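In what comes next, chain A is part of two complexes: it sits with chain B in the first one and with chain C in the second one.
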Partner chain A sequence: MVQAARNINLPISKDRSTRQGFGVDKVVLILVLLYLTVPLGATLIFGLSTGNGINFNTYHQVFTDPDFSQTLLLSFGLALASTFLTVLLVTPTAYWVQLRLPRARPMMDFLALVPFAVPAIVMAFGLIEVYGTNNTLINILSLGLVPLLSNEPFNVVNTPQLLVCAYVIISLPFVFRPIDNNLRAINTKVLSEAAYSLGSGWWRTFLTIIIPNILPGVISAALLTFSTVMGEFTLASLFGIYTFPIYLNGTGQNDAHKAASLTILSFILTLICVLGIILLVRIRPGSRGKEDRLDIVAAK
Partner chain B sequence: MAFLELEHITKYFGQSTAVMDISLSVEQGEFLTLLGPSGCGKTTILRMVAGFEIPSAGNILLDGEDITNRSASKRPMGMVFQSYALFPHMTAEQNVAFGLTIKHTPKDVIARRCAELLELVGLGDKGHSFPHQLSGGQQQRIALARALAVEPKVLLLDEPLSALDAKVRVSLRNEIRRIQQQLKMTAIYVTHDQEEALAISDRIAVMAKGQIEQLDLPEEIYNNPRTVFAASFVGTSNHFRGVLESASEGLCQVENQTLHVLPVQNLHDGDRVLVMVRPEEVSIQSANDGADNSANGVGNHIAGVIELRTFLGPFTRFHVRVNESTTLTADVPSQQARDYYVAQHVVLSFSPNACQVLSLDKDAVELARLAEAEKV
Partner chain C sequence: MQLRAAIGTADSATTLNQSAVKTRRPRGINWSYAITSWLGFVPFLLFCLLFEILPAVMIIQSSFVDSTTGALTLHNYSNMLSQAGNVHAFQNSISLSVVTALLGAFFGFLAAYGLNNLRTNWLRNLIISYSSIAANFAGVPLAFAFVSTLGVTGFVTVLLLRWFHIDLYNGLNFSLYTFWGLVLVYTYFQLPLMILITLPALNALRPEWREAATNLGASNFTYWRRIALPILLPSLVAATMLLFANSFGAFATAYALAQGSINIVPILIAFVVNGNVNLDPGLGNALAVGMIVVLLIAVSLYTAMLRRVSKWQGR
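Our next item is the complex of A and B:
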């Protein structure tokens, strides 16, 4: 961005633009950096100070709290399961739509946006209502699936399994868009036809030709789903499942210093995930660098 | 029975007809080109042979076997695409090896075959390059090697040179022809570039509006076009629209002039006709010299004024205005073209042998317009 601004300014008047460009873009950059880092720094310092100067007491408390590891593990599991399931469902579907049903794409676009429009609270109560109460009409409409899942041995009501299903739905917009964008960018149809003509079947083409080429999209979709689920509060709270964000919220109400430490910890965790994934995309064979950007912005 | 037979193939896309009742035979080792403007159905035919589209009616037989409904992955066809369609995440060598890997070919055989094929297409040293590190021409060579790797019975090429620049286009088309002849490969080639079609093919099928207008040797297509569309689409030509005055004597009434043509067999006196003359058949003389010739009464002579002179290397092209609505084109060997200049009064001459007389019905007029609009 800064580089681009400089390039645009250069041809006008080298002297003036260099001086002016140098001043304005640096100032903007510093302001943005401050805007991003000051709250983080303040949180870090607040977490480290417990009234007796700076020390790591709160971090020690956090690590020894059994709720911390339990909820973190649960959220991690939920996030992994949701990510896995969403990507597994959406990627072949998006490929299929791109290849065989291009006319259905506007409908897919719409469906993928619905979760944005429907508040989480509506979905939570909807799910609890449908699976939690015995309603003849719903039993018939769902072809017997709802009563089967609502009772033993499955009984999914208020279980993490049902929560994962809900997470799959709320993460649809984050997953469909980047994957669909990538599919459009790589000339999916011709690549698939080339593979077919060489004797490759549908699944082999999908796994060995399409997936490696839309990996940046799949990874950013997975990353977005993972981070959304790790931080999701409303659904978990309404389902009554004790996840990490709920633990974070509870802790924040009792001990602000501890909550600050937790925030920093979860920030570091997320940072590690993001950096890891960016690194993963970079080292792919045959990657062109500039084209392999993550489609996070597009998805948002 | 021919090696590849298309029997009464029709293809509808919704309401529109892409291909209308086409029958076509391709012999083993033959290089057949489907030539036509965009939307004429040539690519649809190729895609039906490849198995990417299923015909709405008709059958496709390969070596006597009906493959009409067989999926693309189970047909012994190799396909080369306009956009190369190399797998971007694989090296050139891996691209070539892909089809062989699927067939569970032993690794040492794959390696040997890849090396052979890369050598064949002149890129023996590029095996480890990724597609984005190669030029367009090189990518298309790799795509050709990849299609040949699976030893297809028929090689299908869908406008493989369209995305390349002129120089590469010519060298690669010669290369494709050389390889096809060397391997005695049956090939179907789709293009809208008539020059390319004439240069590369054993036979050409000129197509318009989902039908084959003429299926013939390149020389025949150029010298004896059977339809107005074929005449208009292939090569440059001068057109005279008029009425056949006498079929037996070979006289056509064109505007205010009578053209001498050879006696016409299939048409009747009074039919509307199109007389076509190739520019290289038209000779040019200055008005004074021309007057003598026209007095001799040999062939056809039309007076006009040179409007445009274009030097094209071996020959020079003259656009000569003969009346308000008509300009004729004459290609003259450049050595003889030095004496002529713009605004000069000249006489254009051509013999009756040079005239092709074609029936001009309503459809033909429309197709001729289409050909002029779409021509490259």
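Our next item is the complex of A and C:
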């Protein structure tokens, strides 16, 4: 109701602003957009021009570099694995907390907020220390799981598997929010009770009733995770795993034109992910007017 | 619970008995229910413990331990504070984050206000989408985009030199690879982030409030000074805190840009981990704890402000 009233009122406020004309805010908006566009345009031209004229030579060089496809493939795999694991871990838990354990919500909120206070660089440092040194306190606190994971046959020390787990944690702030917001918006309890009373089990309710209803949130969470992992540099560099951003950094230090071309390519990757969110989430009826649909990756 | 108890004392003895019976019966059943409820939460909790909580615990614990002898000590902290380079790194990191957060918040807010007042819906949506892309475009690619633009041979640098005869590097003493260069780069992802965070708050400003104020004789300035800004203030402070945290922890952009020639805390920590410089791991832990402390202040302010937002904006 409130939402509807607000939507009706919006055009009125817009009419007034047009009467006020072209204010400072519009000028700043244009300047900001210019600021956001100039580096991209400059990079595009810089990558295409090699002294005189435009040529696509650098792009050809990039595509034929075996390291390029190799690292891109590795990053792609890591991103897929992280996205999958994140969605698999967070969605059922968020639903479970909403339905059966409202008391755990503050804890969930806290866990989703920790990555803000513990940035990736600190997290990487901590993970290297946890899974690499033998520390009695940590061994006890982890209920014996850290020693198990630090030795064969489950050794995760400095492996891509550990990297994937770290990526899941880094994604928590912007994965939990949209999923949780969607869960709150659809009246989870009533839907679940209706499904239960019609004889559906927990998993069936979750998969066939809840998931389709919260799909926009899940999709945007998944694509944000994917896009973050594709571009994540900090953890991969400290773990010594040769992913696409590491390759990009290494190349860029030697060849600025090649770096510009690669930058444009990774911008296109981001573009695809964000456009995916916008198209998949916004086209769906009913999701319009929800202001929290745009969740942002805040962990750089 | 408290509310129910209060009602109970006010009511007669019989209803009190009834409520006691009522609460006791479900409690007997609730036990197994509660246990299964918590069991469903365990996988997630365990995962967070292993990969989120323990690394933080480890860092805090190791910062109080001598890395060679294993004895409890405050030496790591005194070591950190006694070296001018480390203190300087904190100063740099904090001022970098404050400057970019304030720049981002100020211009981002004005831009968001302009965007909120745009009539054309498709243009508005397009700009929002574009901001969303730009906010996610960070790290190594962003650093290289700025090198291609404002680096020594960057496109804009060359353009300015050829067309306007402005020599950024030799004439104006500008360099992308210094503090102010980093400010420019960080502002790039702060601005769209601010726009995206502030839009919902601006959207929740009711036009009726403005109309009421105007009817009562308030000028545009009075409206902003007395009504809009006080309502928006918690959101704005929360957003600024988020921007601060965002740039304080950023490592990839700064590293790709200057390869460690800028003295900020994340880069020092990376040095410790990689063993580039003969820095002591204990010092790295102390630096990391320092970062956590600074960020905790920002994050607690952020959550405190968010709680106040809900009062006026019905979130």
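Methods note: the second predicted complex is superposed on the first by the 234 of 300 C-alpha atoms of A that agree within 3 Å, B and C clash if a C-alpha of one lies under 4 Å from a C-alpha of the other, contacts with A are read in each partner's own complex, and residues count from 1 in each chain.
Methods note: contacts are C-beta pairs under 8 Å (C-beta built on N, C-alpha and C of every residue); 3 or more make two chains touch, one makes a residue touch a chain.
All figures in this text were calculated on a predicted structure; none of them were measured in a lab.
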Check: Of the two partner chains, chain B (first) and chain C (second), which one does A:Q70 touch, if any: first, second, both, or neither?
Finding: neither
Notebook entry, point to check: After lining up the shared chain so the two structures overlap, which partner does A:N57 touch, if you call chain B first and chain C second: first, second, both or neither?
Noted result: neither
Notebook entry, point to check: Which partner does A:N158 reach: the first (chain B), the second (chain C), both, or neither?
Noted result: neither
Note to self: Looking only at contacts as defined up top, I'd like to know whether chain B or chain C touches more of chain A.
What the structure shows: C
Notebook entry, point to check: Does chain B (first) or chain C (second) touch A:A260, or do both, or does neither?
Noted result: second
Next item on the list: Once the structures are superposed on A, label A:N139 by its partner contacts, choosing first (chain B), second (chain C), both or neither.
Entry: neither
Margin query: Show me the residue ranges of chain C that touch chain A in the complex, using the header's touch definition.
Written below: 33, 36-38, 40-41, 43-59, 61-62, 107-108, 110-111, 113-115, 117-119, 127-149, 151, 153-156, 187-189, 191-193, 195-197, 199-200, 203-204, 206-208, 210, 242, 245-253, 255-256, 259, 266, 269-270, 272-274, 281, 284-285, 288, 291-292, 295-296, 298-299, 302-303, 314
Next item on the list: Spell out the residues on chain B that touch chain A in their complex, using ranges where they run on.
Entry: 50-52, 71-75, 77-79, 81, 83, 85-91, 98-99, 102-103, 130-132, 143, 146-147, 149-150, 156
Notebook entry, point to check: If you look only at chain A, which of its residues touch chain C in the complex?
Noted result: 2, 6, 9-10, 12-14, 16-18, 23-29, 31-33, 35-36, 38-40, 42-43, 45-47, 89-90, 92-93, 96-97, 100-101, 104, 107, 111, 113-130, 135, 137-138, 141-142, 145-146, 149, 162, 165-166, 168-169, 172, 224, 227-228, 231-234, 237-238, 245, 248-249, 252-253, 256, 259-260, 262-263, 266-267, 270-271, 273-275, 277-278, 291-292, 294, 296-300
Margin query: If we count contacts the way the header does, which residues on chain A are in touch with chain B in the complex?
Written below: 186-187, 190-191, 193-201, 204, 209, 212-213, 284-286, 288
